[in-house]
Amino acid sequence: MKKMKKKRFERRHLMEFFVKSIMQTALLIVAGALGLILWAVITRGLPSLTWDMVSQVPQGGYYMGKEGGILNAIIGSIYLAAGGTLLAMLLSLPIALYLKTYLGDSKWGECVRLSLDVLWGIPSIVYGAFGFALMLTLGMRASLLAGVVTLALVEFPIMTRAMDEVIRRMPADLEQAALALGSTRFEVALHVVARQTLPGITTAILLAFGRGIGDAASVLFTAGYTDRIVTSPMRPTASLPLAVFFQLGSPYPEVRERGYAAALILTVIVLLVSFGSRWLSARLAKYTIK
Amino acid sequence: MSEVNSTFIAQESRKGEGRGSRPSAAFRARQDKAARRAFLVVTILPILLILVVAAALFARAWPILSAYGLPSLLFGKVWKPNNGQFGFLPFILGTVWVTLVGALLSVPACLLAAVYLAEYAHSRTRAMTKPILDVLAAIPPVVYGAWGLIAIVPFVDEVLAPLCDRWLGFIPLFAVNQPTGFGILAGGIVLAVMVAPLIISVAFEVFSTVPNDLRHASLAVGATQWQTIRNIVLPQAKPGIIAAIVLAASRAFGETVAVLMVVGNVPNIPTSIFDSAYPLPALIANNYGEMMSIPLYDAALLSAALVLLAVILIFNILSTLVLQRVLRRK
Amino acid sequence: METHIQVKNLNAYYGRQQVLRNINVEIPRKQITVIMGPSGCGKTTLLKTFNRFFELNEEARLTGEVLVDGQNIYGRDVDVTEVRKCVGLLAQRPSPLPMSIYDNVVYGMHIHKMKKDRKEYKAAVRHYLEIAGLWEEVQNRLHDPAASLSIGQQQRLCLARGLAVEPEIILGDEPTSALDPISSQNIESRLLELKRQYTTVIVTHTLRQAKRLADSVIYMYMGEVVEAGPAKEVFGNPQHERTKQYLEGLF
């Protein structure tokens, strides 16, 4: 038989080596981009990050470099994102459960999924403009409530699709077993599916919360901005992404530096939510059948 | 199905009386029916919402659409709201330029990375990559914008622009007309990183729908792995990959804040990747404050949002339909 | 009788689980060797070590040697693709590539740049389709997609595709298990014809097929070779209790 010696310098083997190296480089570049982003935001934001930043509201002259912080924006953002997430849950949970227990992979189910994916793809600036158009029509002004509603629109397709994905991965025999034991479909949805997929649902909710807290374009028109901590849903509120955005647009260098610090705060919050959801779903997963 | 079940339960629960607190079978059947109806209404909401968003924007945009007509808005080159001139062309072209540059930078690297993850990588590498992509996807646009200001704009200004000016300056596409760093290239780089997790994860899913039998058939006749990928996997994955790219492009098309922070925002028709541009979403975002004082200004901005929505809906629906079909094969 | 493949002290693992234990067998040249045994006994794994498909699983690990014509195919300097070119595989389910019938047969030849021009390729396609007994049926629709063939025809196409790269050894991993009886018979008679030119190793779980095809038999149980030798001896006078029980259908 012919010798099967490797001809290292044969064209196709060189090609294999070459292509594989390029692919590894590409993956490293993408992964490296994350490192670059975090490094840039941390090194630039850390020097101006003070306790005042997170414990004070803007004082007089804050936007010209005087004292104060962005507590108003942090609290506003938490209200906005929490409100938006709660509102989105009211829509998402029933849709995701209905998709699983009643629709499955039927035509109508696919149609609902398609519309959710399309909603997911609509940029938040369009939701913002939509919210603004509604406010114009209703004669409303920018307020926490309007921001919450708009954010809920941004968040709910993300949340629903994420829930749908985990719920769909649930073993079918578990549902069958529950049905065979004499549960109605509604009870299956409520008790079996909901409980079994709790970790996935939690992840989906936190994913949407993270998206909501970082979104600027949708709250730009609808929630407004104010230096005071919001007290009523009918009043405008500041938000963290807009605090970053406005301060980075300032002509004063001190204000810009604090904008970077605000970006760092926002990044930390988002990362905490992201890792938190990972940790939480791993903990909750103990009670589910794999 | 549910009715059959509940009659079955009715008999069962009579036998099992004494367990007490369970609700009656009739109640449970009614509950099931009511739930089914309520649920059905809820599932109509997503579709309804798309229509409502489009309708609301259209209604508010109608004053200017009826006064100027869509073509003169879309192809008008002058944007002077004070004179009643509302031409979207510079903004539309700005969006297209930034999206194209972003896609050109992102797509090759992301596809290579996705092929690597799907075809070569050890499962440990895959497991390590996933959280990285998740975090990249979770970082808010405004932070991407901040990163653009910290790193990308200076990088373009101090490194890329001088380099291109020196070696490629004679090509109009690479001419450095206003050396600030802010411009299409900076926006494109930021966008490229922003859409990377989306492209990689969708492309990875698409590659994993290609059956292993086909890979093995090719390897069995002595093809190398790359030959197998190029001859078998890539052609099979092509529709899904194109859909993934279109999806990512539509995401880039609508990205607002991150791009707006680094792209310069000058309403000119760009000719070079170093030129400033003024994308459509940035136009909407930047002018919300003043829009009430000038006649038709709000209608103009909302019709800009409508144009954005229309383009993205088309892109999105097409790519999602293809992806739904491709990914169901699994 | 001359040995073509010699397996020496072969141990194979998936992760921590050992799937092949200290295998030592010899496979004769230009005969059909059938590997049989109850499911999960490692017969497919053993077959896959012959064309180095075993290592496609990332958990797979292996010690020992597989010598083809005295050359260890797991040696350091061996080119996997050359091994696979030399050792063809007929899979359990027919796996036509998503292209035309013609392109399926040409695929491997193109990969190895085996012919000079179109004319030679055309002639080769005809030749191998004839060997696989498919030419008559497809000569007028060579450019139809391979998926349009019946499943039995697809398996013969896969045979032609494998033979086209001029291997010396054909492996068959239960190559008829997905087919109807008539197609199975067709494939079996192809294999019997081909054994004059190729060393053939077939995994099967049907005893009757083993008896129809085998010149030589390897019986495996729980990852070990229990008995191996010429078919007449193993079927006629099994030495081991396990083999006897299996042949009597007690499994």
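Every chain is named by a letter (A, B and C) in the order it is written, and numbering of its residues begins at 1.
To be clear about the criterion, contacts are C-beta pairs under 8 Å (C-beta built on N, C-alpha and C of every residue); 3 or more make two chains touch, one makes a residue touch a chain.
On a predicted model such as this, the values are computed, not experimentally measured, just so you know.
Student: Which one chain sits nearest the middle, judging by mean Cα positions?
Tutor: Nearest to the common C-alpha centre lies chain B.
Student: When I count C-beta pairs in contact, which pair ends up with more: B-C or A-B?
Tutor: Of B-C and A-B, it is A-B that has more C-beta pairs in contact.
Student: How many Å are there between the centre of chain A and the centre of chain C, using C-alpha atoms for each centre?
Tutor: The answer is 52 Å.
Student: At what distance in angstrom does the C-alpha mean of chain C lie from that of chain B?
Tutor: 48
Student: Can you check how far apart chain A and chain B are, centre to centre, with Cα atoms defining each centre and the answer in Å?
Tutor: Their C-alpha centroids are separated by 14 Å.
Student: For chain C, what residues touch not just one other chain but two or more?
Tutor: Touching at least two other chains: 81-83, 86.
Student: What parts of chain A, by residue number, touch at least two of the other chains?
Tutor: 12-13
Student: Indicate the residues of chain B shared as contacts by at least two other chains.
Tutor: Where chain B meets two or more other chains at a single residue, that happens at 224, 227.
Student: Using the touch definition up top, name the residues of chain B that touch chain C in the complex.
Tutor: Within the complex, chain B contacts chain C at residues 122-123, 211, 213-214, 216-224, 227, 231-232, 235-236.
Student: Along chain C, where are the residues that touch chain B in the complex?
Tutor: Answer in residue numbers: 51, 53, 56, 58, 81-86, 88-89, 91, 93, 95-98, 107-108, 111-112, 158, 161-162, 164-165.
Student: Touching residues of chain A toward chain B in the complex: what are they?
Tutor: 12-13, 15-16, 19-20, 22-24, 26-27, 29-31, 33-34, 36-37, 40-41, 44, 91, 94-95, 97-99, 102-103, 105, 108, 110-119, 121-130, 132-134, 136-137, 153, 157, 160, 179, 182-187, 189, 207, 210-211, 213-217, 220-221, 241, 244-245, 248-249, 259-260, 263, 266-267, 270-271, 273-274, 278
Student: Quick one: which bits of chain B touch chain A in the complex? Just the residue numbers, please.
Tutor: Against chain A, chain B makes touches at 1-2, 5-6, 8-9, 12, 28-29, 31-32, 35-36, 38-40, 42-43, 45-47, 49-50, 53, 56-57, 59-60, 108-110, 112-113, 115-117, 120-121, 129, 131-136, 138-147, 149-151, 193, 196, 200, 224-227, 247, 250-251, 253-257, 261, 281, 284-285, 288, 298, 301-302, 305, 308-309, 312-313, 315-317, 320-321, 324, 328.
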